[in-house]
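Just so it is clear, A, B and C label the chains in written order, and each chain counts residues from 1 on its own.
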Amino acid sequence: MRKEYLTKENIAWLLLAVGSFVICSLLMNLGIINSYYQITLYNICINIILAVSLNLVIGICGQFSLGHAGFMCIGAYAAGIITKMMPNFGGFVLGILVGFVLSAIVALIVSIPTLRLRGDYLAIATLGFAEIIRILVQNMKITNGAAGLNGIPQLTSWPLLMIGVVVSIVVVCNYTHSAPGRACISIREDEIASEAMGINTTKYKVIAFVIGALLASLAGALYACNFYVIKPSQFTFNKSIDILVMVVFGGMGSMTSSVIAAIVIGIINMVLANFSEIRMIIYGLALVAIMIFKPTGLLGQRELSFKKLFSSRKGAK
Amino acid sequence: MEPILEVKNLTKNFGGLCAVSNVSMTINQGELIGLIGPNGAGKTTLFNLLTGVYEPSSGLIELNDDGQKIQLGGLKPYKITGYGISRTFQNIRLFKAMTVLENVKVAMHKNIRYGTIAAILRLPSYYSEEKWVEEKACELLKEVGLYSKRNEMATNLPYGEQRRLEIARALAIQPKILFLDEPAAGMNPQETADLTKLIHHIREKYKLTVILIEHDMSLVMNICERIYVLDYGKMIANGSPEEIKNNEFVIKAYLGEEI
Amino acid sequence: MIQFLQQMINGLSLGSIYALIALGYTMVYGIIKLINFAHGDVYMLGAFVAFYATTFFHLNFFVALVVAMVLCGVLGVVIERIAYKPLRHATRITALITAMGVSYVLEYTTQYFAGSEVKTFPTDLLDNTAFSFGGVRITMMQIYIFVITIVLMIILTYIVNKTKMGRAMRAVSVDEDAAKLMGINVDTTISFTFFLGSCLAGVAGVLVGVYYNSINPLMGMTPGLKAFIAAVFGGIGNIPGAMIGGLFIGIAETLVTAYGSSLYKDAIVYVILILVLILKPDGLLGKNVKEKV
């Protein structure tokens, strides 16, 4: 093992991941997290993947996409259809891979024309694409139309979910802290200057968009193989906004805040499960209030960084 | 001397407005050229044509890349940058929410040799290249005197330092030709003097060809070897600072016709 | 041929309604560069106001129409003052997210009070006799829709082009700061724009209520998006563009339903949007604006 991997902060991250896995497993075995809470926990994990991947597109690359639910939909249906035919782990992996291929193709088709558009126009175009995906799914035989798929085998397990979350976060964070990631941030900051600095802006926007789409599709697959049933009506424009809310609440561009926002919103959803209208009203009011009073989100661009934590402690000594 | 950049009959129309009309220039290897003209003469538009922000309506831009003739007209800005042409902006365009160091690193992009996969999997090439980028970027920042501020957000720098960071960022591309769009705008005399020194220094050190737009005549007359004058989109004069000072068309363009 | 003409009549009725909503989108975008996502919900509230006015208070159709119009207009102004005014100089994305928030609040507050079930609009509000011209059927209701839409569009065009307020609106949309320096009260002008746009959306809501007979709290979302697409098609910020765009989208949707499959009637609108954005992002009548470097 090369010494670059075995740094203090990487070990700290590993401990954090393994620690949260072990603690949640223990709580589940002890019954403190009962089957009702478990649904919330699983939902939170899926939402973390969605929020982190959307944050890559919106927060890091600055491309305002409202079509994330479309890619989740592709992943969910690919996994759902294939695992219904092959109800085993191999089928699940195959389903995820097929979802990857499909969503990558769709992401390319969507992104190459639309990413030339800026800001709000891009938002509407991606929204349009996601709606087209949903309408197609709703009208196809293989997806069983508006009724959706029933009886999808439950192949998503807690360890798999945790692996999905960790992989997503690692992929997005590694990408962000690299030359291609810097290119994406520079596009967010000033597209014209970025291009003048020799960056093929279209290429990096497409890459960020495709990575986002792949992770959303992974989230979709995990979702489908956990909740037995998927329907086109679960992947409407509202789902995209739900994901957006998590990214915006936490702070665009900060992965830590997306994770925290996904957890907090997951718990709020559970508490307010029986008051769905009130929940939506609160969401709406909160969106308006945050944009007016703290448009950078509750945590802004701050990140949890063990590297800084360790070096500041060294500095204090 | 070998011409490094040749512009032939370059024209740019915006609707009915002819912003740059039939401009021809020859720029030799290693020259320091000034581009002057009254406000709205089309200087920045000419820069934007040469760096690919705008597409020419007609005319040729020919780069001599070590003996190879390359047509730059209509290429995307990032491709033109790839041939070793870099620029600064009149209205500073730094990546505001990135640190000073990161601003320079972004501009080194085309020389970084690892891709997205290596970045995500953190392959060994990631570590070796990032180490090189870090060293190189720090070196450049020392050059322009911003090393001590490398971890500040670009937006927090004072105005004069932002302009210098723009130059550092343009140098990070490892250019052959450097376009400076009003580098001394808004600077006080001391800062302008420092800037003059810096331009001289980087030109010698990196064997650059420099073309600058400037309204500060003392700076232009002081450092430029040759000056082009634009007025209403047309090239009205070119020559040494002495010649330009005494050129009747230039005097007319700046002071108006005698009645 | 007769069937085609019939579909054109139906398409024009639907298109008129889209055009009314699209006008609000286009005026607001023209003046503060905001995609007012909540606009579709103002339209929904127009339908609800008319529903309660005619069922609870037994008002006559035209009185209900005016009440809905005024209330929606006032609501538009209130929304602008509370939610959008503080963000006038924020990024467009910030404003867009706020607009989505407002949309959520309007939809689910209505749902909370009125319930999520579909409500049936009274059918006896307007005389609904049908006329037949050589096999093409046109109902009295459709004639009402056309007349009301045309009258409103004439009034709007008059306000924008001939009145002092209209001139102020055009000035603010070109350059807010310069308009302010010329002594134009920018806040009042923007509020007035929201008032006009929301009035039109309110009318559209009432017309849809009587035309389709059923309303629900989430009915604003899809027509709202389609009307926005209509505005983009015509060239956002451009008033005649929004009218043409609305009619075009209405006709396209009706023709797809008649000759293709109603399942794809929403998809066609999004396909039109994406084609417009790729081929002519400034829309049919829009102007090309490039960022200055």
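We adopt the following convention: contacts are C-beta pairs under 8 Å (C-beta built on N, C-alpha and C of every residue); 3 or more make two chains touch, one makes a residue touch a chain.
Quick caveat: nothing in here was measured; it's all calculated off a predicted structure.
When every chain is represented by the mean of its C-alpha atoms, the one lying closest to the mean of all protein C-alpha atoms is A.
The chain with its Cα centre farthest from the Cα centre of subunit B is C. One inter-chain figure worth recording: subunit A and subunit B are separated by 41 Å, centre to centre, where each centre is the mean of the chain's CA atoms. Separating the centre of subunit A from that of subunit C, both taken as means of CA atoms, is a distance of 34 Å. Look at where the CA atoms of subunit B average out and do the same for subunit C: the two points lie 48 Å apart. Those residues of subunit A in touch with two or more other chains are numbered 192.
Looking at subunit C, residues 293 sit in touch with two or more other chains. Counting partner chains per residue, subunit B has residues 53, 89 touching two or more of them.
Note for the complex: subunit B touches subunit A at residues 51, 53, 76-78, 81-82, 86-87, 89, 93-98, 102, 105-107, 109-110, 112, 114-116, 119-122, 124, 126-127, 129-130, 133, 169, 172-173. Across the complex, subunit C is touched by residues 64, 113-114, 117, 119-121, 123-125, 127-129, 131-132, 135-136, 138-139, 192, 237, 241, 244, 248, 277-278, 280-281, 283-288, 291-292, 295 of subunit A. Touching subunit A in their complex are the following residues of subunit C: 35, 83, 86-87, 90-98, 100-109, 111-112, 116, 221, 225, 228-229, 232, 261, 263-264, 266-267, 270-271, 273-274, 277-278, 281, 291, 293.
By the touch criterion given at the top, residues 2, 4-5, 171, 174-175, 178-183, 185-186, 189-190, 192-201, 207, 211, 301 of subunit A touch subunit B in their complex.
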